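Here is the structure we will look at.
Order of writing sets the chain letters: A, B, C and D. Residues in each chain are counted from 1.
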Amino acid sequence: MDLISFQPTDEETAFITLAKTLAEEVLRPAARSSEEERQAAREWTIKANELGFAALELPERWGGMEMTLISQAQILEALSNGDLALVQGLPGPGDAASFMRLAPENQAFAAYRRTGEGGQWPTVAFLNACDPGVSQSINITGASFENGYVIKGISRPVKMAAFAAYLLLAAPGPDGKTRLFWLDKEQTRWRAIPGDYRLGLLASGWARVQFDDLTVTKDAVVAEGRDADRLLSRALARLRVLEAAKEVGLMTAALSYATEYTATRRAFGQELAKFQGVSFQMADMAVAVQAARLLVWRAASALDREEPEAPGLSLDALSRAHRSLRLVTDSAVQLLGGHGYVQDHPVEKWMRDAAAQIALNGGEQDLLLRRGEQLLTEERETVS
Amino acid sequence: MDLISFQPTDEETAFITLAKTLAEEVLRPAARSSEEERQAAREWTIKANELGFAALELPERWGGMEMTLISQAQILEALSNGDLALVQGLPGPGDAASFMRLAPENQAFAAYRRTGEGGQWPTVAFLNACDPGVSQSINITGASFENGYVIKGISRPVKMAAFAAYLLLAAPGPDGKTRLFWLDKEQTRWRAIPGDYRLGLLASGWARVQFDDLTVTKDAVVAEGRDADRLLSRALARLRVLEAAKEVGLMTAALSYATEYTATRRAFGQELAKFQGVSFQMADMAVAVQAARLLVWRAASALDREEPEAPGLSLDALSRAHRSLRLVTDSAVQLLGGHGYVQDHPVEKWMRDAAAQIALNGGEQDLLLRRGEQLLTEERETVS
Amino acid sequence: MDLISFQPTDEETAFITLAKTLAEEVLRPAARSSEEERQAAREWTIKANELGFAALELPERWGGMEMTLISQAQILEALSNGDLALVQGLPGPGDAASFMRLAPENQAFAAYRRTGEGGQWPTVAFLNACDPGVSQSINITGASFENGYVIKGISRPVKMAAFAAYLLLAAPGPDGKTRLFWLDKEQTRWRAIPGDYRLGLLASGWARVQFDDLTVTKDAVVAEGRDADRLLSRALARLRVLEAAKEVGLMTAALSYATEYTATRRAFGQELAKFQGVSFQMADMAVAVQAARLLVWRAASALDREEPEAPGLSLDALSRAHRSLRLVTDSAVQLLGGHGYVQDHPVEKWMRDAAAQIALNGGEQDLLLRRGEQLLTEERETVS
Amino acid sequence: MDLISFQPTDEETAFITLAKTLAEEVLRPAARSSEEERQAAREWTIKANELGFAALELPERWGGMEMTLISQAQILEALSNGDLALVQGLPGPGDAASFMRLAPENQAFAAYRRTGEGGQWPTVAFLNACDPGVSQSINITGASFENGYVIKGISRPVKMAAFAAYLLLAAPGPDGKTRLFWLDKEQTRWRAIPGDYRLGLLASGWARVQFDDLTVTKDAVVAEGRDADRLLSRALARLRVLEAAKEVGLMTAALSYATEYTATRRAFGQELAKFQGVSFQMADMAVAVQAARLLVWRAASALDREEPEAPGLSLDALSRAHRSLRLVTDSAVQLLGGHGYVQDHPVEKWMRDAAAQIALNGGEQDLLLRRGEQLLTEERETVS
């Protein structure tokens, strides 16, 4: 059986081409200024919405594109090649879109759906407080939804929370069961606490989310218990692949830039001695990018075709994307030497964006751990 | 555009299935004994020929299968999962088949073609004395073919040279030009010098090839100068992918075995503390195998479709296969601890076979170096 | 405070010099033949005993040298540079010597002490069945020593068990407590089961130890419970450093050989292109060896001075020695290419010996795991 | 012979203790604010000079401390544990001090010596334009010093150039010979071009140095030709060890912080599942720091004792310091997950400082390349 299945429609192909153009003409030129202003330029956010980039993952019956993951992977790779921070800072449903795609008739999403179908898709932030690998302290107390569950605590930084009107929250309840909540900021008054961030992805609207004894009742519940586990699990598999695709875009930018820089200096006869060791650093980077891309395509294909191995493959794709991303962005800065330090060259920003990306997306070790546990558990089931 | 293209014919699919069966029923059981005897059991070699495994790469007009590389990759992966040494020790045209496929009307191959079309394909060994990354000393002197070129020297170990009736030799001539020679052992009297090898792939018929002032004239020439460079270059790209596919087979065997071993011990509650660190060693191995396989499929597809990036992708596939192979076979031995040392478990043989495979196939550094040079050269051409 | 303390006596200095001479004149030349015969040549074993190499770690009051660990580290490094398998196959008290050094008045050792003081030190094998990281199945049943504990099971391969007259066994009792037993083969009839090993360290007398319902009473007990834990823990710290020192010797041999081989070929103008990538592989290997050696010296110093960090440092030294050993021996085989495969060059044997050494000595992951746990536990104690 | 020699005087011991106190009480608290202001707080710079930290490397006959490298290594490690950027931004002779120590009677330094002996040591920046591994374009034209050599061009960022009154410049002359120049800013008018840097080490006064057809005559020459090569070579060996020592300080800070953070969360029962994979990441980091420190001490000892291997060991120390620094600071950010992104925790600053440090100090590959070349050349000389 074929490992990768990609049969793009004309519309998908057009989107991919458009993404490449936008990356070059809008995103890359806006990278530095949006970092300074800590947010995306208006023009890009409006354009992105108009062109439909916010709706790629949304259900068709909502008017979204409900595009295959493998096509979205290529679009996101192309856009992120322009600037990852701007991609992470795209207004719209964001990560919540995958949940909406998997549960399009869910009542909790109904109001949002009506708003979006009407005009623009408001910005949603997604906070996964069920993730053991992430340090935070969100606490839910109370005994039932009738009396109201109370949410209290402050989260780690969440992307786009600074600009979001809605929050999708996954958190373990007092009974240990998973719950997914849909929280409209106007009604539930969760707060976005901005911070003075320095590392990277500065244009992506990061803010910590604070819950001051926020009460939630049944209306706010998207799913709970096993339904919530299943929905969360399936959505996370999709989100990992999408993140990995973005990382492939960023690493590709760094690789291209470093290759061109190195080749140009060679062409002009500069520092010839240095290049003896460079050849295979370049090759190492190239293979790392290739492998990461193929793993993304493989995982995307598997999810599109609902193969049973798909969740495991999504862990592979993201963990390897993290590793390749770190290798490539670190190497690019080193290869440029002193030029890697200055702003004239984008590699130092890419390194910072990469570091932020990996820190805020689970870390490589954690993904490998999960994957290993899964492999050993599957095996044990086979044996017994 | 799709990265991987795999549309197997029914015949190809049947071959892949057959390969899996043979690996399990014939190759794996014969692994230890063939290592002790330093050659494949008769039954396997006869069967392999009968079933057509020797002819996968041969031209259709010769009665060969001229199969796509991507299908061959899967067949070789499946067979090598049984035992790599036996695959490397398959009688028949061996690596020379890729040259024959690319130049089916070449006069130098005519006699061999007639013999093979008649019954069985005699064994051919391939010696690449043009490879700077390989240490050996083959020397060609003389001024022209009319007077006869004289070949003198002794090579590194060459697979199947112990049993080969023919030798395909690539060597730089006294004028620096590349030459490809077809040397019938009965006529040209090259000698196979066996050795007392201990490391691995012991059943693959390794022997050094010695030339005692062997004279060759025009009859023996397959190609020379730029024709030879081109043919050699194209054949090597195919051969790298086929080697990488075999390595994926071996690493898959090691990964499966280690996973089952580890999961079983967990199931039986043994050494529970140990397993905390094992989970992500397993995941690391799994991703390494996955990435290697995808790179093989990608390179195979690219060669089948004659994409310009194909040669570079073949370098990627083999260099990454080497790295993943080393990681997985080393880890498998470590994971089995004391059991990794004893013969009851195949992992120690797999580690030795892997080490021999990598040492005798160019080494990872060398491939990365070439690939890097190529990337920087391509880039420079783009820039200027 | 100084990190490393080395003030050798004249006798220690003389021993180190002697070790270097023996390595070059006796051990290295005997490497291949002892591997074939699966045991050390008589001449070496007699000489080793005469010269006192068996008694370096034994207590002074027994007539042993009770040498500092840092001096022993240098002696073992020098000898192992000659041949590691022969060092592991040295007759005498072996690993048990560290236990004897730490508990010289222990009654269980009295008879052995008398024998050794009289003439030669008989060979002892040490089996650590308490090690969770090692897969084996030794089972002790019974309720007390008066009635006799019964040992049943078969171990992983143990070095020198094929030739040992005594066995020092560490095993968890039926009550979970650690027990150390001294088992005289003539009296207790444990059995050495030889195997057909292929991987490496073939001259080190490996055999599995089998217990067929062997009954032990108080006489056989060296220590139990917390005394046993303490003694085992202290002895293991010493043994790790000594193993790491041996590994430094083997990796130094491989590095020297590969450096000379590579430099020679360059000098003679061969394969010039290849060498571009080789320079820093060599440097990488050199730093790896250096770092491993410094960590051994540091840990040895710390143990000699009884610093509290010493046990942790012994874990560091052995885990890094494993990693550097694997890197250097693998790289040496790759650098020699085809020559790395043949017996004319020792690098393939060194790779096999290295693989066996690491597999049978705990594996890197396991050591790092323990060390990490220890670091986090110490930290927590500091915090609270 | 002992690998490391450390016999501190009471004064040296006192300095080391003082450095630890200052790191904790002054440097660490000032880290964030000095980064924002792009320079060290006045109080620290004044204090540093008063206490003599600017004069550690200066010749005794100048009133400097002319301290052993191994003691300086420990002082710099302690200070950098507080904040690396502030250490790199220390006013005073900076890197030029090593040149002054090696050539204390050199006429070019006479005026500087008089100034410093009188009161404070003015700030000097050092620019090595001979370094092929660093990308820049400094061009010297002209035929002799009588007529004046003309320097033209702009360099990569140089630390403390923003505040320096003097520049020590190493550059290849039009005849290819190395020349070292002493350039007083008031007289020779070289210019410091500040930049808008974002990556790290922002408090270290980086600026590019620009030469607008600057004419230099004999007065400005410190050394030329082989004298210059020798002085440069010897000074660089010292400077590498001092840089490596600073890196050990930074990585130690990151390791301690991450260890405490991780252990604390475990103590409070948080995210227990996560920690399974963390244990050996911590151990890996700990060994990396240990190895780096030992290599610094070894190289420092070797330079203090003028051992012939010392220059090679300085390359080892810095290349391994780079690698360990990257591993530890990257891991620390990952281990803190979301907390690794925010300013409340110093790990994100440490990652950025580390990246800048490595980029602007030669990169690991370059050092390994040089070291490898040296190892192979030494070997060839031994062989022939």
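Throughout what follows, a contact is a pair of C-beta atoms (placed from the backbone, for glycine too) under 8 Å apart; a residue touches a chain by one contact, two chains touch by 3 or more.
What you see is a predicted model, and the numbers here were worked out from it, not measured in a lab.
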{"item": "Rotational angle, Cα trace of chain B fitted to chain D, multiple of 5°", "value": "180"}
{"item": "Furthest chain, CA centroid comparison against chain D", "value": "B"}
{"item": "Intercentroid distance (Cα basis), chain D paired with chain B, Å", "value": "49"}
{"item": "Whole-Å gap between the CA centroids of chain C and chain D", "value": "40"}
{"item": "Separation of chain B from chain C, taking each centre as the mean of its C-alpha atoms, in whole Å", "value": "38"}
{"item": "Multi-chain contact residues (two or more partners), chain A", "value": "276-281, 365, 368-369"}
{"item": "Chain A to chain D touching residues, read off their complex", "value": "132-137, 155-157, 195-199, 206, 208, 265, 270-274, 276-278, 281, 326, 330, 333-343, 348-349, 351-352, 355-356, 358-360, 362-366, 368-369"}
{"item": "Residues of chain D touching chain C in the complex", "value": "2-4, 6-7, 259-260, 262-264, 266-267, 275, 278-284, 286-287, 290-291, 293-295, 297-298, 313, 315-316, 319-320, 365, 367-373, 375-377, 379-380, 383-384"}
